[in-house]
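Got some structures for you, see below.
Shared between the two complexes below is subunit A, which pairs with subunit B and subunit C, respectively.
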Partner chain A sequence: MDFVSFVLNLDRRVIYTIVALCVVVPLVKPLSLPIDTTPEVEGIYDVIEQLPAGSHVLVAGDFDPASKPELFPMLEAVLAHCFEKDIHPHLLTLWPAGPGLMQRAIENQAAIYNKQSGTDYCFLGFRYGSAAVVLGMTGSVTETFTTDFYGTPTATMPIYEDVHRVADFDYIIDLAAGATVEIWIAYGAEPQGVPMGASCTAVSAAGYYPYLQAGQITGLAGGMLGTAEYEVLLSRNYPDIQGDKSRPRPTGEATKGMDAQSAVHVFIVLSIIVANVCFYLSVRREREERRKA
Partner chain B sequence: MLFFKRQWPVIVAFVVGIVMWARYYIPTDESQTLQDEFTRWARILVGFAAILGILSLLHHHVSKIRLKKPGFGFSYITLAAFIVMGLAGLLPISWRWLGFAGMQIHGEGPWNWMFNNMFVPMQATMFSVLAFFIASAAFRAFRARSMEATSLLLAACIMMIGRVPIGKWIADSVTFFNTPEAASWLLNIPNAAAQRGILLGVLLSQIAIAVRIIFGIERTYMGGGD
Partner chain C sequence: MTPGELIGIWIAAGLTLMMFSFIYRDNVFFKFGEHLYLGVSVGYYINIQYWQVIVPDLYRPVTIDHNYWVIIPAILGIFILLRLVPSLAWLSRMSFALYIGGFAGLAIPNVIHSIFLRQLSETLRPFAGGWGEALLTMVLFILFFALLAYAVSGGGWIAAVGTLVMFGVICLGIWLNWMVAIDINQVIILLGVFTVLIFFFFSLEHKRLVGGISRVGLFFIMVSFGASFGYTVMARISLLIGRFQFLIDDWIKRAMLGQ
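And now, the complex of A and B:
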C-alpha cells in the first residue's frame, strides 16, 4: 500500500488517538501561548469595569454541564470581577440542569471574596418558563422568584431594597448554550433599556454578530477563547485577589485549555490539507489509469 | 364537547394574542399588571407541561420495556436514574441517614454528589466525544470537490487557526497573512451579513405564524393536522 492509499484508508482510531494526544499533552505540559484580547470581549469587560461599587448585575447562566468547559470559567470570571469591584451579582438560570453549576460557581467565589448571600449577592436558582420568567422579572423580580435557591424569601433580602425589576439592573449578562440570548434581548434588556452582554459556546457565536453590530449587546465572548480573553483581562487588571499580594489570581481554566484547543485545531487543519492532497493525487492517478486502459 | 376541542382554543389564542399585542403599545401600570398576571399563568402552565414531559418519558420507557423493544435494557437505566435522582431531590435524604455525616440537598447531600460526580462528567464526556467525531469526519469528508466546497474549506481552516492563540503566533511568524484578522473579517462581514438575512427571514416567518395562530388559520398546534 502506497502513502496516498494509506492516508485515504487511515483507521479512524489513529485519528482519535492523535486527537487525544493533542488534548492531553498540552494540558500536562502547557505551551503558554500568549492570548490577545478582542474588542468583542472587551465590550463586556469594560462595561462591568466602569460600573461603580454597589451596582447590580444580572447574571443568567443558561447552560448545562455539556457546555461547562466553555461557559463555567466565564461564569467564575464574571463573578470574580463583580466581587473585586463590590458589585452585586444576581444569578439565575432558565435551564433545568443549570442550578448545580451556578451553585458551585457562586459558592466558590463567595468563599474566596467572603461575600454573604442576600446582602452581597443572590442566587435565585431556576424557574420554568424561559420568556415568561424574563417577562415576569420585568414586573417584579421578587414575585417571579419568591425565594432564592436556598429557600430564603427574596422580598426580605437587603439586596432587593433597591432592585425591584429588570429595569433596575445596571447590566445583564447571559451565558448561553442555547437560544436564550434572543429571549433576554427581546423581553429583558431592549424594552427595559438595560445594557447587555453575551457569552456563548463557540458554535453559536457567529449567530450573535448582528446583535453585536446593532448595539443590542455591548460585547460577545464566544467559546473557550472568549472566556480565556476575559480571564486574561481580569488577571491583567487584578493580578491579586482584592489587592492582597499573598493571594495571586490563579490561571483560569479556559486559559489552560487554549493550548489543547490550539493543538487540536492545528491537527485538524493539517489532516484536512493532507487528506485533500492525497485525494487529488488519487483522482489524478485514477484518470491516468483510465486513459492508459 | 366538540366546541371545547375545536373552537375554544382558537378563541383563547385570539383573545390572548390580541390583548398581549395591544398591551405592548400601552405603557401604563395597568398594562404592566396585566402582563404580570399573564406571565404568572404562563409559568404555571409551563409547570404542568413539565409534568406532562415526565409522564411522557415514563410512558415511553415503560412501554419499551413491556414490549421488549431493541435496547430496552437502557430504559431500565433511565428509569432507575430518574427515580434515584428524583427521590434524592424531593425527599429530605441526607448523608447522615445513609450512614455519613453531611448536609442536605443544597450542601453536600446525595443529590449534589450525584449531580457533581455523575451527571456533570457524563454529560461533559458525551459532548467532548464530538471533538473526536468531528476530527475524523473532517479528515474523511471535507474535500475540495467544487468551488463552493473549496471556499467553505478555506473559511473553516482560517477560522480554526485564527480563533486560537497559535493563530497569533503564526501571524507574527508569517507576515504576509494574518489569520486572526482574516477570521475577524469573516465573522464581522460575510458571516454577519448572512446571519442578518437569515435572522430577518426567521423573524418575519415567526410573525406570519403568530398572525396565523391568532386568527385561527394555523391550527396544527391543537394536533391532528389543520
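And now, the complex of A and C:
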C-alpha cells in the first residue's frame, strides 16, 4: 500500500488518537505559546477597566456545564476584574442548569477578594423566562428577583440602594452559550441605553460580529481563545491579587488550554491539506488508469 | 478533599471514560452513561422547575400571600399539558393564543427597534452622507463583481471586457470624487447582504447577470460557513480540552496522586 492509499484508508480511530495526544501532551508539558490580544476582547476589558470604583456591572452567566471550558474561566476572570477594581458585580443566569457554576465562581472569587454578599456583590440566581426576566428587570430588579440565590430579600440589600432597574447598571456583560445575547440587546441594553459586552461559545461567535460592528456590543470574546485573551489582559495589568506580591495571579484555565488548542489546530490544518492532496492524486491516478485501459 | 468530593470526581471520571469509549465503537458502557445523563438531566430540570417556578410563583403566593390571581396562569399552564389528552387538547389553544399574542406584542417592537432597524441603519451607515453618491457607488461595485463572476463562470470575452470597463469606471469615479469616500469593509458588508439576498431570490432565473450576482452571494455564504466551521472546530476541541483538564488535574493529580 502506497502513501496515498494509506492516508485515504486511514482508520478514524488513529486520527482520534493523534488528536488526543495533541491535547494531552501540551496539558502535561505546556508549550507556553504567546497569546495576542485582539480589539474585540479589549473592547470588553477596557470598558470595565475604565469604570470607577463602586460601579455596578450586570453579569449574566447564561451557560451550563456543557460550555464550562469556554465560559467558566471568562466568568471567573470578569468577576476577578470587577473585584480587583472594587466594582459591584450582580450575577444571574437565565439557564436552569447555570446556578451551580455561577455559585462556584462567585464564591471562589468573593473568598479570594474577601467580598461580602449583599454589600459588594449579589448573586441573584436563576429565574425562569429569559426575555420576560430581562423585561421585568427593566422595571425593577428587586421585584423580578425578590430574593437572591441564598434566599435573602434583595430589597433590603445595601447594594440595591442605588440600583433599581437595568438602566442603573454601568455595564452589562452576557456570557452566553445560546441566543441570550440577542435577548439582552433587544430587551435590556439597547432600549435602556446601557453599554454591553458579550462572551460566547466559539460556535456562535461568528454570528455576533454584526452586533459588534454595529456598536451594539462594545466587545466580543469568542470561545476559549477570547477567554484566554481576557485572562492575559487581566494578568498583564494585575499580576498580583490586589497588588499583594505574595499572592501572584494563577494562570487561567483557558490560557492553559490554548497550547492544546493550537496543537490540535495545526494537526487539523495539516490533515486537511494532506488528505486533499492525496485525494487529488488518487483521482488523477484513477483517470490515468482508465485512459490506459 | 472531602470524601464526597473524592467520590464525585471518581464517578465523573468514570462517566467521562464511558463517553469516550464511543470513539472506539458503540458499547454497553456508553449506553449506560448516555441513559444516566438523560435521566439525571430530566430529574434536575424537574427539580429546578419545581423550586424556581412552582414554589415561588404559585405555592407561596397562594398559601402565604393569599394571592389567588396566580391560579389563572397555573390553569393556563395545565391547559398546555392537556395536549397529551386528545379529547381536551383544544383547551391548549387558549393558552398558546395568549402566550404567543402576548409575547409577540412585547417582542415585535423591541426586536424591530433594537435589532432589525439598528442593523439596517448600521449596514447603510457609510452611505449616510449622500444618497446619490452612495447609490452610484453601490451599483458600480455590484455590477463590477457580478460581471467578474459572470466572466469567471464562462461569460465570454464581452463579460471580461465589461468587467475591465467597470473597473476603470470605478477607478475614475474614485479619482474624480464622484463616489463616496467609504470604508472598504462597509462596502464588502453591503455587497454581501445584497448578493446573498439575490442568491435566495428564486423568482428570477439565476442566469447571466442575476446568475453572476448570485455566484458572488454564494462566495459570501461559503466564507461565512468557513468561519463558522473554524469556530465550531475550536468549540469542540475546547470541550475535549476541558474534559482532559478534568481527567489530568482533578482525577489523576488530585484524586489519585493527592497533589
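Methods note: the second predicted complex is superposed on the first by the 293 of 293 C-alpha atoms of A that agree within 3 Å, B and C clash if a C-alpha of one lies under 4 Å from a C-alpha of the other, contacts with A are read in each partner's own complex, and residues count from 1 in each chain.
Going forward, a residue touches a chain if its C-beta (ideal position, glycine included) is under 8 Å from a C-beta of that chain, and two chains touch if they have at least 3 such contacts.
The model shown is predicted, which means the values in this text are computed figures rather than measured ones.
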| item | value |
| --- | --- |
| Which superposed partner A:15 touches (first subunit B, second subunit C, both, neither) | first |
| Contacts of A:135 with subunit B and subunit C, given as first, second, both or neither | both |
| Which of subunit B and subunit C A:124 touches, first, second, both or neither | neither |
| First, second, both or neither for A:216, with subunit B first and subunit C second | second |
| Greater subunit A contact set [subunit C / subunit B] | B |
| Contacts of A:75 with subunit B and subunit C, given as first, second, both or neither | neither |
| Partner chain(s) touched by A:232 [first = subunit B, second = subunit C, both, neither] | neither |
| Which of subunit B and subunit C A:159 touches, first, second, both or neither | neither |
| Subunit B versus subunit C as contact partner of A:256, first or second or both or neither | second |
| Contacts of A:35 with subunit B and subunit C, given as first, second, both or neither | first |
| Touching both subunit C and subunit B, counted on subunit A across the two superposed complexes | 16, 19-20, 23, 66, 68-69, 97, 127-128, 132, 135, 202, 205-207, 210, 213, 223, 225, 261, 264-265, 268 |
| Of all residues in subunit B, those that touch subunit A in their complex | 32-33, 35-36, 39-40, 42-43, 46-47, 49-50, 106, 112, 115-116, 119-121, 123-124, 126-128, 131-132, 134-136, 138-140, 142-144, 153, 156-157, 160-161, 163-166, 168-169, 180, 184, 187-188, 191-192, 195-196, 199 |
| In the complex, subunit A residues that touch subunit C | 13, 16, 19-20, 23-24, 27-28, 66, 68-70, 96-97, 125-128, 131-132, 135, 146, 182, 185-187, 190-191, 201-207, 210, 213-216, 222-225, 253, 256-257, 260-261, 264-265, 268 |
| Touching residues on subunit C, where the partner in the complex is subunit A | 23-24, 41, 44-45, 48-49, 52-53, 56, 103, 106-107, 110-111, 113-115, 118-119, 122, 189, 224, 227-228, 231-235, 237-245, 248 |
| Complex contacts: residues of subunit A adjacent to subunit B | 10, 12, 15-16, 19-20, 23, 33-36, 38, 64-69, 97, 100-101, 103-104, 127-130, 132-133, 135-136, 138-140, 143-144, 149-150, 202, 205-207, 209-210, 213, 223, 225, 228, 258-259, 261-269, 271-273, 275-276, 279-280 |
